[in-house]
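Two complexes follow with chain A in common, the first pairing it with chain B and the second with chain C.
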Partner chain A sequence: MPTDLIPALLREYGDVTRVALCDYLRPRAPHRHLYNLVADYPRRGGRMLRPSLCIATARAFGAKLEDAVRSAVALELLHNAFLVHDDVEDDSDVRRGRPTLHTLHGVPLAVNVGDALALLGLRALIDNQATLGPRLAVHVLQEAERMARESIEGQAVELGWRRDNALSLSDADYLEMVLKKTCWYTTIYPSRVGALIGTRSDRDLDKFIRFGFFLGAAFQLQDDLLNLQGDRARYGKELDGDIWEGKRTLMLISLLRDATPAERERLAGFLARERRERQPAEVGWVRERMEAYGCLDYARQVAHGLAGAAAHEGELLYSALPDSRDKRFIRELPTWVLARN
Partner chain B sequence: MSTEERIKRPEPERTQPIRSWSTLFGAPEPGGKSLQDVVSRSVDLGYRVVDEYVRQGQRAAQRLGERSYRPENMVSDVQELTARLAQYASEFLGVWFELLELAASGSAARRMAAANGAPTGPAPPPAAPAREPSRPPRVRIEVASAQPAEVELDLRPEAAGAALVVHALRCADPATPRMTDVTLDLRSPDDPLTLRIRVPGDQPPGVYTGVILDERTSLTVGTVSVRITPGP
Partner chain C sequence: MPTDLIPALLREYGDVTRVALCDYLRPRAPHRHLYNLVADYPRRGGRMLRPSLCIATARAFGAKLEDAVRSAVALELLHNAFLVHDDVEDDSDVRRGRPTLHTLHGVPLAVNVGDALALLGLRALIDNQATLGPRLAVHVLQEAERMARESIEGQAVELGWRRDNALSLSDADYLEMVLKKTCWYTTIYPSRVGALIGTRSDRDLDKFIRFGFFLGAAFQLQDDLLNLQGDRARYGKELDGDIWEGKRTLMLISLLRDATPAERERLAGFLARERRERQPAEVGWVRERMEAYGCLDYARQVAHGLAGAAAHEGELLYSALPDSRDKRFIRELPTWVLARN
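And now, the complex of A and B:
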């Protein structure tokens, strides 16, 4: 069972990151059409899982907290840049309990704000030179470039599925997409950069891919489940939003596989339409069919398996390190990703 | 040939078996064997996916060979990487070239503000000619400190008229004691806000930062930063 350690460290490292983040979000002109909007998503809060994992990994390997703060800030800025663009691409209505940026201010301004957040993240990475020195700062920057590339490629895969109305996807297709789209920037990159800063060496970073993949995939599956079954007040996004958007979640892939030909045809017609053309009754029907075929239970079991593998890979990576709060935090994460609501 | 309509079988409702998790491995057995199988199968599939991904990466790395990180190569590496990251930025070319210049010159333009390592902010870009309609509220700052102290305050226009609270100021190093005697008061709507900071005599030198929140919405509307330097 997860203890109170995870919420405590998320709060502690989240606060440190938020304070440092303010330096990059200072009000300046043009206020109304750019910098006020740039600060919007970061100020809405969030769990701060990514920066906390980065800082905890660095500290578990012996780094000082301040060595990892700017990398954590960069990660949070890039994360928010992705969110702004994702919301436009998905035509999402709600983010962190409030209307999405593009619904408030229009697509052109929102896209520009996403660009600005990405570049502020880049600035934070370049500022790493002051604390890490040029060699290590370039390594971290190189990791960030790879992370951004992997995430964008993963996003392209998923958007392509939706545009082409892909109906015959496998679980392996889903996991490959999640590996690139979610795991890289949620868990693989924070782990690799934390280890890079903590050990001052880029040797053996590939072994963090396995741990990050299993942890990130379990995290994504739980997120997809919460989208269907979460507490509306706590979830912060639109419930059933993934169905409205036609997202190829494991539950939808499972339903497409299990449905009768007639149901599959109806589902294909639903998915072929634009989001704005879909009706609440159809969304309800998809949701009901997922329940009837056990798609949610199936996804939950897969998530449990992946979280177990993450725990195993985590032991291989971290068991030799001296005991610390940071090490315990990382070890508890696989359980926590499934328990969160 | 008979003119009677031939009897046909109805179209089957489905043409393949139902493969939901609950029936994938036959009827569930006591002890949840099928659940166990789903877990095992998903872990096995996960390892196959990630191992293939790592193998592909290793093959790509072998093709590309090792990059050199000698000092003379550093600037071009930074430029190449930042260029790739910035490809999808549209209206930030000014900032982008500024960043390139910083990286290329090797100057640590935004070094740590003090020895304790608190990060400084990015340099502000040139002011835009257009004036913004709203302004942040007026603020009076009162500091009681036996050591030299420099205060930096950023307030957003949304702070005007809001009930504000300021959190304890903290260093990047969590072991350093926080500065807790910090208040924001508004006596009347016509008076300026008053920011009062009392620095304890034994407060270690460093940069202490905290956020200012709108008490009603809990949104951040500003920051306050105090730099304590050792006395003469």
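And now, the complex of A and C:
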């Protein structure tokens, strides 16, 4: 059973991160076409899972809070940079309950703002030098470079699927894309960098890839499920937005696999159209077919399996460490990931 | 008079950079939607001015060639990253004689490819550690962060002008935008990083801002002039592309200042339209008015003044150094910048 430790720690480390983030989001010129927009997404809130996981991991391994904060801030800035470009690339309408940046200000300014956010992330990583020294700071930078590379490669794979109108994807294709696009920056990188800062050693960092993959994939599946079944008022994106966008979720992939030839053809036609040409009735039909074929239940089962595997890996990684709130936070995450809505 | 030293050194340092660049552009997966496209712009050629200036400055200050090569490679990668996003943001059609990346592959993939190129630049900067050690490598990274920040701010200013359809800009507005958008990454950063690597000290780096500003602004003015008067076969972009794009060049700014109220109104209407709605006859009229009002001659005069100032600053910076090919290369640049076509 999840306790209230996770919300409490997300609030605590989230606040620490938000305060440190202010240093990087100060108003300055050019205001109207750059820095006001740079501060928009970070100020829209977010649950601060990634920076909190980074700080908690560092502390579970014995680091001081202040040694991990800049890395947490950098992660949050890089996350927002991804979101801005991702929204442009997917032509999404809504982010965290408000219109996306390019919808408000056009693609040219939004692309430039995404670049500025990524650069602020780099600056926070360079600032690590003051607390971590140049050698460890460069090491964290190397981790960030790997993380961003994986994300960009995952994004290329997913954009390629849409561009080619890919219709015959396997669960393994989906999971590999999620490993790259979501897990690296959501769970693997925060764990690895936390451990790097906590232990000042990169000996066993690869073990965190398994833990982060299982946890991050369960997280992404739950996110995709919430897109279909979430509470419209509380869910910050468009409901059914993934279907509107033709996103290859596990539910869509399994529907394409299970559908009759006639249904598959209708789906292929739907997916071949531009987003703006898709009709609400068609979106409703896709959703209804997903339910009829049990695609949501199937995805829920896979998510449960992944969360179980994450819990097991967490056990292996953390059981030898002394008890702490941070350690308990990390070990409760696999359960929490599926319970959130 | 320019000698053949500049083309010779551009070829030599360009080749060194191109060879080292191959390490970062190796084919790998995902090929079709990422790394094949990442290699496209860098393989289209380019005169390699920026990496050559970086290497020449480092050597003029006593560095070994191999100490500067990674920084030169990083600069070339970052330059190409800027070009990809810049082409998206300006909706340009042609780059280095071929269709722009987003024209060929769509905006989503192009934005992602720009991100990947910037990340490869970061990797090259991290790789500096092996030859320069972590402390100097972080220092070069700080310079790169400043350079990218200036470029992004300059880009925001220029995009803002177009978005607001700015009609009353001064020469000073133009020069400040060029300082940020062009000079930092074309001339200031290569000089500063070269000097940093050559001297292993950051004492007098700010002196390079003046030299780089005068040289880079003369370079940009000449570039804008070539866009209007260049040889179509040799010029890699669209001829008159700047007018099609409504780019606020010094020629357009001075035309807006000198035009009659009726002409100004017609210009305002032309500039208010979307690029795709502008007509060839209108573009021809803008161009003809620029010539009639002597806007090109005016820009040529300003460019000459800037190049003269760059030569003077170069004298102050480099006269005390021992004679070398590299030193002569740098001191010939102000003349060469205006002579190239």
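In this text, the second predicted complex is superposed on the first by the 341 of 341 C-alpha atoms of A that agree within 3 Å, B and C clash if a C-alpha of one lies under 4 Å from a C-alpha of the other, contacts with A are read in each partner's own complex, and residues count from 1 in each chain.
We adopt the following convention: contacts are C-beta pairs under 8 Å (C-beta built on N, C-alpha and C of every residue); 3 or more make two chains touch, one makes a residue touch a chain.
Because the structure is a prediction, the values reported are computed rather than measured.
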item	value
Which of chain B and chain C A:T260 touches, first, second, both or neither	first
Per-residue contact with chain A, leading partner among chain C and chain B	B
First (chain B), second (chain C), both or neither touched by A:Q142	both
First (chain B), second (chain C), both or neither touched by A:D93	neither
A:L159 touches, of chain B and chain C: first, second, both or neither?	second
Which of chain B and chain C A:Q301 touches, first, second, both or neither	first
Touching partner for A:R32 - first (chain B), second (chain C), both, neither	both
Partner chain in contact with A:E282 - chain B first, chain C second, else both or neither	neither
Touching partner for A:L109 - first (chain B), second (chain C), both, neither	second
Chain B/chain C common contact set on chain A	29-30, 32, 111-112, 115-116, 118-119, 122-123, 126, 129, 134-135, 138, 141-142, 145, 148-149
Sites on chain C touched by chain A in the complex	29-30, 32-34, 85, 88-91, 106-109, 111-112, 114-116, 118-119, 122-123, 126, 129, 134-135, 137-138, 141-142, 145, 148-149, 152-153, 155-157, 159-160, 163
Chain A residues touching chain B - in the complex, by the definition given at the top	12, 15-16, 18-20, 22-24, 26-32, 36, 39, 43, 64-66, 69-70, 73, 111-112, 115-116, 118-120, 122-123, 126-127, 129-131, 134-135, 138-139, 141-142, 144-145, 148-149, 171-172, 175-176, 179, 206, 209-210, 213-214, 217, 254, 257-258, 260-262, 293-295, 297-298, 301-302, 304-306, 308-309
Residues of chain B touching chain A in the complex	13-15, 18-22, 35, 38-43, 45-50, 53-54, 57-58, 69, 71, 74, 77-78, 81-82, 84-86, 88-92, 95-96, 99, 102-103, 106, 108, 110-112, 116-122, 124-125, 127-128, 130, 132-134, 136, 154-157, 170, 172-174, 209-211, 219-220, 223
